[in-house]
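Below you'll find the structures, each written out as structure tokens.
Heads up, the next two complexes both have chain A, just with different partners, chain B and then chain C.
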Partner chain A sequence: MSGEPVPKSASCGCSRNNLLRVSDLRVRFDTHSEEVRALDTVDIGLNEGEHLALIGESGCGKTVLAQAILGLLPANTRIGGTIEYRDKNLLAQGEEEIRKIRGRKIALIPQSSAHVLNPVETVGDQIAEVLTSHHILPPDAARIETTRLLGEMGFEKPDLAYRKYPHEISGGMRERALIAMALSADPEMIVADEPTAGLDVMVRRRVLGMLAERTRDRTLLVITHDLVTASALSQKIAVMYAGEIVEAGTLREVLESPSHPYTEGLLSSHPSRGLRPIPGISPLASSLPDGCRFAARCPRATCSCRKNHPELARTCGNHEVRCRCDE
Partner chain B sequence: MSEQSREPLVWMDRVAKDFSSGFLAKKSVPTIRNVSLEIHKGETLGLVGESGSGKTTIGRLLLMLTKPTGGTVRFDGTDLTHLPRNDLRRIRPRMQILFQDPDTSLNPRMNIRDSIAEPMEVWGIGDSGSRPGRIAELMEQVGLQPELAERYPWELSGGQKQRAVLARVLALGPEFLVADEPTSALDLSVQAQVLSLLKEMQQAHGLTMLFISHDLSVVRVMSDRIAVMYRGEIVETAATEDLFREPKHPYTRQLVEAERQTESEWSCAGLRS
Partner chain C sequence: MTVTRTLVLYISVAILFLYAIIAVFAPLLTPWDPHAISGTPLEKPDALHPLGTNDTGQDILSQLLYGTRITLLIGFGAAILSVVISTSVGLVTGYYGGLFDEIVSRIIDIFMTIPLFPLLLVLALFFNPSIWTMSILMGALGSTHGIRVVRSQVLSLAQSNFVEGARAIGASDFRIMTRHILPNIMPIVVVKFVTSSQHYLVMGVGLSFLGLWDTTTIDWGTMINQAYSSGGVALGLWWWLLPPGIAVVGISLALALIGYSFEEKFNPRVGVNRL
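Up next, the complex of A and B:
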């Protein structure tokens, strides 16, 4: 497993016809006392129609990536690198331009359905608002279209569901309403942030099935800590740890022959794979080590791992790993 | 997995719980109907079911945090349902609960040391001379570094907080523990850490446990027997491997089938070892 670090432009399956290409993305937050390094040298390429799952644990920076793509990061953020969507750098666009893309071309299915919907507006009106605010349909037609969408998302009485407030429906229904909302403007690409968090097994299967069906012809970036969700929705997978991508490749490559010790640890943490935990905890984004960020928890770490920060390097095919412990 | 004595430690007989809803015209809503279960000393009973099926209410009823509207709950031979308040209070330290969200289980204005010390102070366990040693011992048992004692909950990760809550629970030396979705707010690798710890602690202290979760794969690794809840009733109880081999109730079959499908999707991706 040797090999020179590959040039950044070639990493993570990037090619010329990427719909979305994230290159060398760095995100920093300045707090009063310290600098938080949320993302470092993140490279992601998504071709049209491709589905990529980004997996990682709380605090690894995966939601920050979603927010960066959609221009939703707060004002105290320092961002480096580029996020190109159809060869247009989103980071260089003004709020006006981003508004035309966000929701219309790239839609977000946000995390925690219980908190993102407006509690004092009906579910239907909130979905219809996407259509009217992007001037896709006039209010009356938006209402009809929303009702149709709700029906498509498995609501048995869509006109009744339209008039419900978020607290009157279950978690699974809210999640489906959010999917309907994301789909309403017929976007090219969807970013789904933990679309199945907090749902029980049966409901999760149903939501995943619908999401898979509705995103078949679209580009999808799904962000999750759940390996089942990742494998149900995507062909490619990128594993994030402490603000960096540590392993990327096809679902098969990564899950069948995980090469980064963190990915291995993550897989064997699963109850059906033996429940063998990784010792220790992730480093804080405000005090990252100089060398490999996983070294402190890694069973294979050497002195050189603790000193030298490894680059993402290609092993075979499109399989890339940020680990040099074999050298 | 220890040898089971004949008399169950925890015992629930035809328990019902109705909640009332409405402001003027009170309407009675049956939540738990005719539930009987028993948990033997040293045993872990898993309780699965969908959201809203009444799993949490069962846990609360066993600990008398909620009073049943019918039926009997017994703990170590004592009928808790008709026990005077003071007597019930004396039994409390012997039965504890671990909640889903460690954030709401810790006082944000207390550091970890004080949080672990609090139950001991309330129950007069040890004295100011012996407590610091006991706290250090508990923290070591649950895998918390000594320097975290001075930290406040917001300075800890989710897994560390759940460990601190567990140390606090163990401080009282309980015999029975209700673990109500103790890891569903945690990440996969942290979940594995907390579940292994819980198993270790259970073996070390001979804990009897009710383990509540909607995740069948988690319940499977934790439990000796599994009870399946559906709409306020226990529809099936069986030894863990029997339940997977031969699920009888249609809802159990659906659950087991969903679990199998998930696993086979994984094995397609080469995930099963």
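Up next, the complex of A and C:
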């Protein structure tokens, strides 16, 4: 899939026909004692129909980015920069406008399918709720449409599945139900946050196949820590570390010639490439170093790396890297 | 739930039903009009007056059966009001938080320091309320604890993943509160309803025993009051005093046991050793 040419993503990252353009996004959480810098200078552009994978380890800010796009961050958050969706800055919209976009234009496939469904409401009713709460269909029609959608998502007896409660179905089924929920209002863009977390290999393969098939004509931002998921779903990839994008480019550029030491480490820690973990742990978002945030774990770090914070710089084509260790 | 617990629940529900049937069909079940003077004063129990007559010659059994109506209405009426207030206020304050929540919580703190029964006594003395006003006052003033309980549950549910999921599909706040949070707090709301109806029922009997409203109203509290004030106790007329008392104990016990059973079912960590 990675080798196939993609029509719309051929233009460069600064293209003007972006569906979603995140510029210089900074997210801070104020806690009692400290400031948590969850995201720093994040720039992401997604053209219509383009699929971007955002990869990085736990705590690097991937989910915060998804929440920021959908306006789901808690009240004690300070947000800087812009998130433009069809040239409209989502951060400047009121709650009511954002609510009309959520689910209808940009749908989220949330993390942890086990907890994201209401335990006391049937799966079908929760999916149908997307259609009814946006007044797309009346309740009866929404029920029929949802049943049809569940059938399409590979549920053998969609009528029966509709009436199941979340605890009565398996993890793979819940994930598929969440995909159905995201698709039900026919959104332009889908943000999938760890869509295959906690699934075994066979189920994951099936869910990924289904997701790839159903998002072919849509814009997709997939958030994952798993390279398999990333390469199955997307053409472009952005690697995040400690709240920053450290490397971005096409799937081939990043996976075949990784330029950032963190990406290299991430790749070689994959079981198929030798299972060599990166030593150390990532810095706390409340006490980030002044210099390169990866310097403490980097095998190639120099004195200047620890002092000066590197900027994201273009190497060739669309390939961008936040590393100056070669200079 | 153990077998005995289930059995106790069934018996309690049966008792509750019995009281409800008596309340609804009181006119069909009573031999006399409870207000009418149907015999000579202070008759002993006989075939005509199974529980005798009171000091004005009214039939005590008829009064007992009719009294079920007012007594239950006060208890359940206050409980319904109390639960509606505590659920809605608890939902809104717990979900939105912020300044409104802070203000409501502080007001509740103040009200919770004032004991309800003496407060009602004072209010009753000053305003001479009808039993309906009294029932409303009981329900409204007694809802503070319920608000606290519901609010604390909502606080944690509002942070849960499925609420965020509902927000992510674009559901409105009202929809999230009614469709997603409310069903999750229903168990405690039901338990709260059962335990507070018992609480208010006994409180209502207590208030009417003290004669805080119209004494021509027929309810168990008034009956006990009359038995005391008209010398029924001094004369040893147990058939006058005991039946209303036993009736109160019976329904109070049934409601308490139903409440315990529900509580234990919804929260298995509650101990099993309280009958």
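Here is the rule we go by: the second predicted complex is superposed on the first by the 314 of 327 C-alpha atoms of A that agree within 3 Å, B and C clash if a C-alpha of one lies under 4 Å from a C-alpha of the other, contacts with A are read in each partner's own complex, and residues count from 1 in each chain.
Keep this in mind: a residue touches a chain if its C-beta (ideal position, glycine included) is under 8 Å from a C-beta of that chain, and two chains touch if they have at least 3 such contacts.
All values reported here derive from a predicted model rather than from experimental measurement.
Undergrad: Once both complexes are superposed via chain A, do chain B and chain C end up clashing or fitting?
TA: In the arrangement built by aligning on chain A, the partners chain C and chain B fit side by side.
Undergrad: Have a look at where A:Ile101 lands relative to chain B and chain C in the superposition and call it first, second, both or neither.
TA: second
Undergrad: With both complexes superposed on chain A, which partner does A:Met202 reach: first (chain B), second (chain C), both or neither?
TA: first
Undergrad: Identify the partner contact of A:Leu70: answer first if only chain B is touched, second if only chain C is, both if each is, neither if none is.
TA: Only chain C; A:Leu70 stays clear of chain B.
Undergrad: Once chain A of both complexes is superposed, is A:Thr82 in touch with chain B (first), chain C (second), both, or neither?
TA: The answer is neither, since A:Thr82 touches no partner chain.
Undergrad: Is it chain B or chain C that touches the larger share of residues in chain A?
TA: Chain A has more residues touched by B than by the other partner.
Undergrad: Touching A:Val116, do we find chain B (first), chain C (second), both, or neither?
TA: Second partner only.
Undergrad: Regarding the shared-chain residue A:Ser58, is it in contact with chain B (first), chain C (second), both, or neither?
TA: After superposition on chain A, A:Ser58 lies in contact with chain B alone.
Undergrad: Looking at A:His134, would you say it contacts chain B, chain C, both, or neither? Reply first, second, both or neither.
TA: So A:His134 only meets chain C here.
Undergrad: Could you look at A:Ala232 and tell me whether it touches chain B, chain C, both or neither (first, second, both, neither)?
TA: Once the two structures are laid over each other on A, A:Ala232 reaches chain B alone.
Undergrad: Between the centres of chain B and chain C, viewed from chain A's Cα centre, what angle do you get? Round it to the nearest 10 degrees, please.
TA: Given the fit on chain A C-alpha atoms, the answer is 80 degrees.
Undergrad: When the two complexes are placed on top of each other via chain A, what is the minimal CA separation of chain B and chain C in Å?
TA: Least C-alpha distance after superposition: 10 Å.
Undergrad: Under the touch definition given earlier, write down the residues of chain A that touch chain B in their complex.
TA: Within the complex, chain A touches chain B at residues 57-59, 170-171, 198, 200-203, 205, 225-228, 231-232, 251-252, 255-256, 265-279, 281-282.
Undergrad: Mind listing the chain A positions that touch chain C in their complex?
TA: 70, 72, 99-104, 107-108, 110-112, 115-121, 129-130, 133-134, 181, 185
Undergrad: Tell me, which parts of chain B touch chain A in their complex?
TA: Spelled out, the residues of chain B in touch with chain A are 50-52, 157-160, 184, 187-193, 195-196, 214-218, 220-221, 254-255, 258-259, 261-263, 265-266, 269-273.
Undergrad: If you look only at chain C, which of its residues touch chain A in the complex?
TA: Going through chain C, the ones touching chain A are 160-162, 164-172, 175, 179-180, 183-184, 186.
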